[in-house]
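Take a look at the structures below.
Each of the next two complexes has chain A plus one more chain, namely chain B in the first and chain C in the second.
What follows is the complex of A and B.
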């Protein structure tokens, strides 16, 4: 009951606000909100293909949003999901193009590579914070740009597919692709993996000692330290795991949608994911709903642009305003003031 | 002039140019954080400044009007963050992130809406060679701010707000008003830095042109130990690596261009990591009052 009231005051209110803001954005663009919204919803939920595409976007947002939420719950502001997603996809693409193994084994190995890549990228920021007190806010953002440069270098050089003219890795063998969930669309079982990840994360946070310690670091860092929790280790683990989940998302895009890696992997999923995590109240199961809502915006936004002439970027303004409004609820638990920023 | 001297001159001039937008934003960061408000929204304020400057220069034909509008746009977002942080006592990091998202989305939306041209604006009247005045002004600003922070009553009060706002209130002053002033000034400076990027260095706005400079500026604040002169020096350091990337292009073919592009960001990481245990943020930095 209490949670429902909190949702009505926060996320639900924010979603209502989003609709009002979207209507204003449409009016500014000279389009009647009726036309704009009908284009938005027809384009995202109007048929089998549209729904499949909305779920593809939902999946792509869900992984990094879960990662972001995990870090926030530990009191760490990971804004590097974009880079972690990119490195995860890169690792998946590199391994997938080289690996010579039976389909199912390869499929799992590629996902593992994506997780490992993202985890390494996240843990790097964790190590910089634990060892050198470097603010994770700045380091994760810097690592986003470094990830893009690294990926761009590798796909135009060492990892470039020999036959391809563009900057991308060789395609993954079809046997290692993630099976389609709705045949004939881009939706793969990545969607189910994302939901399962959310379930595991919810269990981890609520029902395990690790989850308890992690939340303690975010909610009361001083008390956590005094009760003997190794803060350096938790920082490393939280950012590593957070990055790993985002990296897993990158791998599912490679394995389920693109079937190879290139730097167009993400149109900014890692940044939108911050809004998704906040709207989802930093709770894995609510985040699934939030990701679906943002998935509708992402896939319907294109239709809105094509059919009703409302620029797709209006969606991103709305996302930012939602974050601003939700900031008032002080989502991020007391941040440890031990790091200079 | 020998080739080596010419190259050094180019590198020096480019360093000054590339350091300027970072320096303005970093000065904004210093003022804000000294008053106790962490300004993660510097990046968004730079975007707003860069985009608004181009719009107003296109509409009026005057780059000076563009410059003024860019500063005003940054200040406006500063006001938004300031009100959020003082009146509503929100989490400053989350609010700043929201500002960054709004500004990036808003500029992209505006490009389509105003210029009907996604991705980049058309070319507009820019400051031309008079942008050197802004480069020099960045140096002057850092000296003026340094003096203001350390030699005036206003500066003392502002710094006290960042250390112990309660004491400021007990002295009969209004810490929240001082913080609001600081963060508006912070936004104006970041907006100026953004306008320098769009109508100073070049003559258009393109999506992603700020490229994380607002965050590099935050690193410069820390690297410069929360002092205006220190932050300006740190901006020169980061500007040097950005300049180096242009000078090396075509001269060092063994170094991939992607590696050069990553240089300023890698430099920022090393700068942050190299300061272990040697810096101290204002005591009340980021804590709502």
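What follows is the complex of A and C.
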């Protein structure tokens, strides 16, 4: 209850305030906010297809957001979900295009490849931090660019499908595609996998010894070190797992939406995911809600542009405002805290 | 004699949520006096100091000061990566055009240090200084503001006996020049030696005020606790069994080290390490805890329970509940399979709360909400609950009130009576002499001498702590 109240005063209030600010921005730009917002919600929730597309976006944001949250809870600022998502998708695409196995086995193997790819990319930053004390904030960000360049090179060279006109891998055999959740739409069971991942992660963090140690590292690193936790190992594990979850997300996009890998996999899901994780208070179950909210924005943006003549980029303004308002609230709350000596 | 009030507090009331921290407190500080403010943990001393200084606002009542008020915190608030002089002038830097006039600033700091006999290198980096020197920097920083009133919160908690004497000489000299000084403390012996007046807080109320010359320790202690203070448990004769054996230990931690140090602690005894802070105690503790690499050998029969020096940074997760904190360091034991055994964690927390008299709103309250004494009791309880064969207690009663300290010391003695080997590292010689069976004096990373505490000569120990040859 307390948490719900805090959330109403925090993220929910922040979202409301961001919409108010966005409405003011629309007024200034000479667009009726009523038209703008009705287009946004009709475009994202106005029908079966719209809802399916919103859930596709929700899924794409949820995986990297869960990964980001896991690292943040360990006190590690993983802003490299974009790269981990990309490498996960790349690994999934590469394995999927070449694997010759029965459908279900292949489907699982492709997801595993995605997880492994993302995990390796995340663990690389973890290793740099544990071995050389290299700040993960810098290394994860830099690895995003390396991931994108690496993927671009591989799909226009070694992994390029021979018959393909563009830079992409060969398509996955249809048997290994993720089954559709709503027939005739792009929504696959990836959505359910994402929700299950959130549930497992919530349990892992709240209940297990591993989750306890991980949270201790984030909440009080020196006390954690003295409690016998191997900090280097935890850094490696946390960033590895964080990257793995983002990579799994990349694999589900390859396997459920694109059915092959190319670098258009992500329009920046890994970056938006940071905002999603923060709005969700770094708690897996709240993050599901936050991802849905951002999914509405992502999928409704196009409708807003087409119907109300509001540029799609306005969505990013709203997203930015939400993060800004949240950060400001947190700053004010910290300053207002009176701690007796 | 005519007296001038440098600070007047009238009818101060302050609440935190439903807790009444201060209720109708009056206090006058006179120019030129050293005034001691005593009380148990949670009595409201620090809150009162914060209100006088201005960081907290009273719900009702008035604060009147005749000029600037300075406050030296118990937990230092210095910028570790800046030099001493930079810390001192921070916020009031003398300017030369757009930039800081470093030459003038440095000269001012040097002069201030000399005038007050505060020996510290103005160019040293603060995080490389031992605690005693950091405290002198804190004091200098406040003096730089030329305060009319100076509040000192537990100023001697981290100082060695010799430093304490020197510190109070400085304080007296300040008072003699007209500053009103208020010392917030638990150490009644210091109150008797250095103050002119004493005010006693109990549960947010001012219960007594004395002229120091007209009172005694027993009377003040009685007023503090509202009865007789708790006695420390007595040591019983128990057979000794080998437990900890350290041979030729060489290690470095926190800018001090130990060199080829050997010692042993048997089950059934408390061995006290006496010494001035910064003589290798941290390196010894960290090597024993397995936190730093070392040469030499450490042999231990059985498990270890550790009370770390800094409860807030090293021992507790302040935002977590009591029940969660009780698991820390024991998370591989308090579990069922891969899941934390939450029922057992709660049961353990309940046991500790009862046995160690931890006063907390509930087991689910964040540890941050507890007073320092209650946090320390929780920490001691956690270190002892699994009945470890070896107990390392590093400053186990630092900055906590007499009642809480007596309780922690009693539990350490009971562990010893039950056969545990206890190594007590403390900068408080009184504490060591009160509860240790043997005393080892540590100086510059070596054992400078050993005494049976029953027949120990305080003066001889003090000389060894200061570096005199045995």
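The rule is short, and it goes like this: the second predicted complex is superposed on the first by the 324 of 341 C-alpha atoms of A that agree within 3 Å, B and C clash if a C-alpha of one lies under 4 Å from a C-alpha of the other, contacts with A are read in each partner's own complex, and residues count from 1 in each chain.
FYI, a residue touches a chain if its C-beta (ideal position, glycine included) is under 8 Å from a C-beta of that chain, and two chains touch if they have at least 3 such contacts.
Since the model is a prediction, treat every value here as computed from it, not as a measurement.
Colleague: Could you look at A:15 and tell me whether it touches chain B, chain C, both or neither (first, second, both, neither)?
Modeller: After superposing on A, A:15 lies clear of both chain B and chain C.
Colleague: Counting only touches as set out at the top, which of chain B and chain C does A:320 meet: first, second, both, neither?
Modeller: first
Colleague: For A:180, select first, second, both or neither according to whether it touches chain B, chain C, the two together, or no partner.
Modeller: Neither partner.
Colleague: Which partner chains sit in contact with A:210 here, chain B, chain C, both or neither? Use first/second/both/neither.
Modeller: After superposition on chain A, A:210 lies in contact with chain C alone.
Colleague: After the superposition on A, what does A:99 contact: first (chain B), second (chain C), both or neither?
Modeller: Neither: A:99 stays clear of chain B and chain C.
Colleague: Using the superposition on chain A as set up above, list the residues of chain A that contact both chain B and chain C.
Modeller: 340-341.
Colleague: In the complex, go through chain A and note every residue touching chain C.
Modeller: Listed in rising order, the residues are 207-210, 212-213, 216, 219-220, 222-228, 338-341.
Colleague: If you look only at chain B, which of its residues touch chain A in the complex?
Modeller: Interface residues on the chain B side: 33, 38, 40, 80, 84, 88-91, 93-95, 97-106, 108-109, 111-113, 118, 211-212, 215-216, 218-219, 222, 256, 258-259, 261-262, 265-266, 268-269, 272-277, 279-281, 285-287.
Colleague: Residue numbers of chain A touching chain B in their complex, please.
Modeller: 25, 28-29, 77, 79, 128, 131-135, 137-139, 141-146, 149-150, 152-153, 156-157, 271, 274-275, 278, 311, 313-328, 330-332, 335, 337, 340-341
Colleague: Taking the touch rule as given, give the residues of chain C at its contact with chain A in the complex, in rising order.
Modeller: Where chain C meets chain A, its residues are 16, 21, 46-47, 49-50, 55-56, 73-75, 153, 289, 291, 306, 308, 313-320, 324, 327-329, 331-332, 335, 338-340, 342, 368.
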